[in-house]
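In order of appearance the chains are A, B, C, D, E and F, and numbering begins at 1 in each one.
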């Protein structure tokens, strides 16, 4: 039996707590079991150079881990003088996923920055960040509407993210850190409620995987994502 | 009347929540009103070069703010590629203060690192960090004893910290951000239960201050610190 | 008709030229149409800390682009003072893919570094780098054997990589830069001759994609990879 | 008897030599015994963003030590690639202190930069830098007036700085490096001729200090500062 | 007999291959024996601040080595986070030399950037870079004329560069790496077809050299440079 | 007539003041007119990796300018986060020149670091640094002998350095900043008392120069160097 008394396809207890930061335009503290990520969405009335003049807006993300989010203390990236490759890779993924969820034209010439700070890491921090970051982003859009900055909230399509993997030849959903460490395959799936996919990243950690393995993992992910969309809808009610 | 219905000498509601991080040897989430700092204490079985060979241990601190801890988003220091002067100054202060609280010989040749991460900033983050960091440090020492790493917890003397200031000619205790922004004098006092002082940092922001002003602020600080020592004792029970 | 007179499933002219660097243990200049990447494999008789003491070896990769590999000159990363997020993400992918191709135990306690330097970029630089990097790696293993450093070449399983995408609703294989810029979906597939997958990275650039789209793209990739394995075998003859 | 034949309250020989740099708008080479700091004041006709549009000016400071200002050679910060925490803390202190000494509105929209470079360090470099930096700043204002840039020299109030400490239970004024290294308490006092305080930074190095200790140190500082104001007046004659 | 069957005054086989990069305004792959440098010339329609407003243009150069251009792998400067002193020194030399070759007024307010990337290093990379970089620059000027950006190609005077040295008391021309490593004197000469000198950099590696030695080396350089001017003219035909 | 009432071949007033730093093993404050460089020589009982195990020692140099050494304030390199290309180029030149002056075997396995800090810059800072740095180095060797670290001072051969240039078609010796700014050719010559050359660096700033020009400049340098050797001998008496 896996931790949190769940079967291979079960999610850990998921919480999406909105609010909790008095400054950010949108905030969501997301928990997948012991993984805990604080996501905040901030708004700036300017866009990066490559978007300038198009009338559209932009969404970007930054990711960080508190030094003791991990079992052993990790060196603070600010002290190390740079963000590591893993951090940059993850924040690029979060940014791409959230941009897919919003009509950037409808946002108008402003930038949403979604900060995802991991308070505690027990596997699946990037997928939790995307799932919670979407909620923070929608809350920020509502704030902009209530402030009168936006006449209406631009069209958004929910995105959620889940990690799936293969451990001992079996498909597991929502891996915690010990499971992730022993997985043969690690797959992150970012999708939408209609079953469409936004991003699929599968990595063979020890053994290459077959097309059938991939299909089985994607099936499992699809079911899990539906539960996450329900959680998001509830949090945004 | 000041926010939180308090008079000039009143503290904001102070909370010292222990636990809440499953990895760190000691954790304390400290709140002074809307200021919220997560402090964790980590242990390494080695010491920096200047202590090596003395048999003594070391305590150091690191300080950071989440980008949206502040009213307007602050640039992430890891992305900027370095810690700013304010950050370095604050973490040096925290480290010195906590070293004063512990018998480093009794700690033995190991290093305690107290990470102070500001989740929300509304004035007084450095004093909150010291006050909470002391609790996290003591918890870590108890963890080391329960693990058998330490035969006994080394002697500690509580340190707490409070900010005092002068606004409109009056002494105020525990300034929130709006008060801090309009203060003529800003004084951080780090002390011990016997009234002794560990660190005093007073800065004239707009007007130089007299010896009498300083005495009045120190009197006010002394009373406030006693309340904080009681909070710490309660949290550590 | 696509450039290089090919249909949707056709590869650009692919060349894997071995040799050409008098110092490296293995070298392969790989061309996919106008994309040209110089891959060299270097050997060091030491391993990174996390492998030390296991008896196994390690494979790592570094990726870079010459400033004028691109249509407009790109700032030199050495002058900018850091490698960008895209660079780090790509070199992590190359490293993971090549580690999957080799028996690290059989390599023994040494590190292979595969440098992938893009001389000219016209789409698909990362997949070219993996495809050519595998050849450079095998050549380096043969050099180690001929030098007597290795008693026998450790077991390797070929890995090749191909980009697939959807443009205007159709699946295209081996996208060049103009195609890549207008793709709705971008999928990089790294696989082995038995059809197993090592890495799958699919990104919706403008439109989310269905499971059926993904299957169609993977089918196309599989055929393309078979041609690349033949090219690798020929180059290594 | 302390070095330089002085009693506990005595200053080391203090010299404030004006001039000596043919380029700077104001220059003062300040010596406290063997501590020697070259301070120069430079003028730029622009202000930092947070002052822009207010009509006021700004004063900032930078601090550095030549590598062999110290007993053992210290690594050059330019070679290390960043200014250390001690450097940043000191230059922030110098900047705040000198801003307190000048009517920034009267300065107009320009920036004074006071560079404090330690040629030889024997304790008290930051207090020497403030004391000499004030002189350099006033000389620069006079230069601006003589050039016709300023119609009149803005109002300045002298600031001087002194270090006081407790060694073996006794109050000592103007500690040299060996005294500083063995001090139980270290207090830097920046004040004005009317006895008002601009900055007070007291640190318990080994033993916490009482309010009475603080008062005794401040008394001693007050007397010392009066001598420094006289030296400054003499240098500026 | 030296490698490549040449006498003391002989050049290695020199190739200046134009073209080979589909993006750059000018490209020349230069080879001196086993030394191989890819030079590309890029154009930007802006000038650095110190030239702004003069109507003149600017030429700058950047230099880099692929990690495995050398016998043992050299750390990638982008990964190290900075360009080393040798790199900066060389690219400053290349820039100065190429600026001497062109009428900057005739270029107009635009910047030519000559990137010199060493694919393989066997001594004389900086002199090869200058010799090839001149060709790339002229090709870029022709491209600007054919694009109509320039009404006419500005006046250029060829510059070529050669290394000369003293090994075992004898003058050698165009040293390869083993010769360079054992040279007592190392002299880089950058000159023009009329015998005038643009840059002379002579360094005693082990033994100081006499005026007569210098004259002998300059004589040898002069002859070698004439051959290089012929090669450049041929490449530019 | 040039400044300091000198003819084309005259040196500015040169001073080599020994001592003046109580910590360094050797110190020389060198002045060429208004150019003023503080050189100190420090000793460490270790050598860099490439010398390790040879029994020989090493000499290295670092160069820096105080921000207001120049007419307009220059940005502090420590604040900029790196040493510029000019700085690195100069300190490499100083190091090479001083290594040529000493028997590194006789020094034994230790490193001499010569710090050259420019207090005021009026042309010729690198040549002043070499000339004064040699004196500081010899003083340090004497200190090592008097401490008993060295049984005898290793063999040294004096090196001095001078800048020569061509302005308006005439050869000038020891150019000050205004002369240097208008020079057509700039030549730095580092030599020894027997007339041998250690380093020659000639640069055409505006006009290429002939072999005859070079000879005339070297003649002038030779005479000037003889005067500098006399100054060095006097300072070291």
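We adopt the following convention: contacts are C-beta pairs under 8 Å (C-beta built on N, C-alpha and C of every residue); 3 or more make two chains touch, one makes a residue touch a chain.
As the structure is a prediction and not an experimental result, all values here were calculated from the model.
Q: Can you list every chain in contact with both chain C and chain F?
A: E
Q: Roughly how far apart in rotation are chain A and chain E when fitted on CA atoms, stated in degrees to the nearest 5?
A: Value: 120 degrees, nearest 5.
Q: If every chain is reduced to the average of its C-alpha atoms, which one ends up farthest from chain C?
A: The chain farthest from chain C, judged by C-alpha centres, is D.
Q: Report same or different for the chain A and chain B interface, where same means the shared residue numbers exceed half of all residue numbers found there.
A: Same: when the shared numbers are divided by all numbers used, the fraction is over half.
Q: With chain centres taken as the means of their Cα atoms, state the distance from chain B to chain D in Å.
A: 28
Q: What whole-number Å value describes the gap between the mean CA coordinates of chain D and chain F?
A: From the centre of chain D to the centre of chain F is 33 Å.
Q: At which residue positions does chain E touch at least two other chains?
A: Where chain E meets two or more other chains at a single residue, that happens at 81-82.
Q: Indicate which of the five shapes (line, ring, star, complete, other) describes how the chains touch one another.
A: Graph shape here is a ring: one loop, exactly two partners per chain.
Q: Going round the ring from chain D toward chain F, what is the chain order?
A: D, F, E, C, A, B
Q: Which of the residues in chain A come into contact with chain C in the complex?
A: 82, 84-86, 88-89, 91-92, 96, 100, 157, 191-192, 194-204, 208-211, 214, 218
Q: In the complex, go through chain D and note every residue touching chain F.
A: Per the touch definition, chain D meets chain F at residues 21-24, 27, 34, 38, 40, 42, 44, 62, 64, 66-73, 76-83, 87, 113, 115, 117, 119-120, 122.
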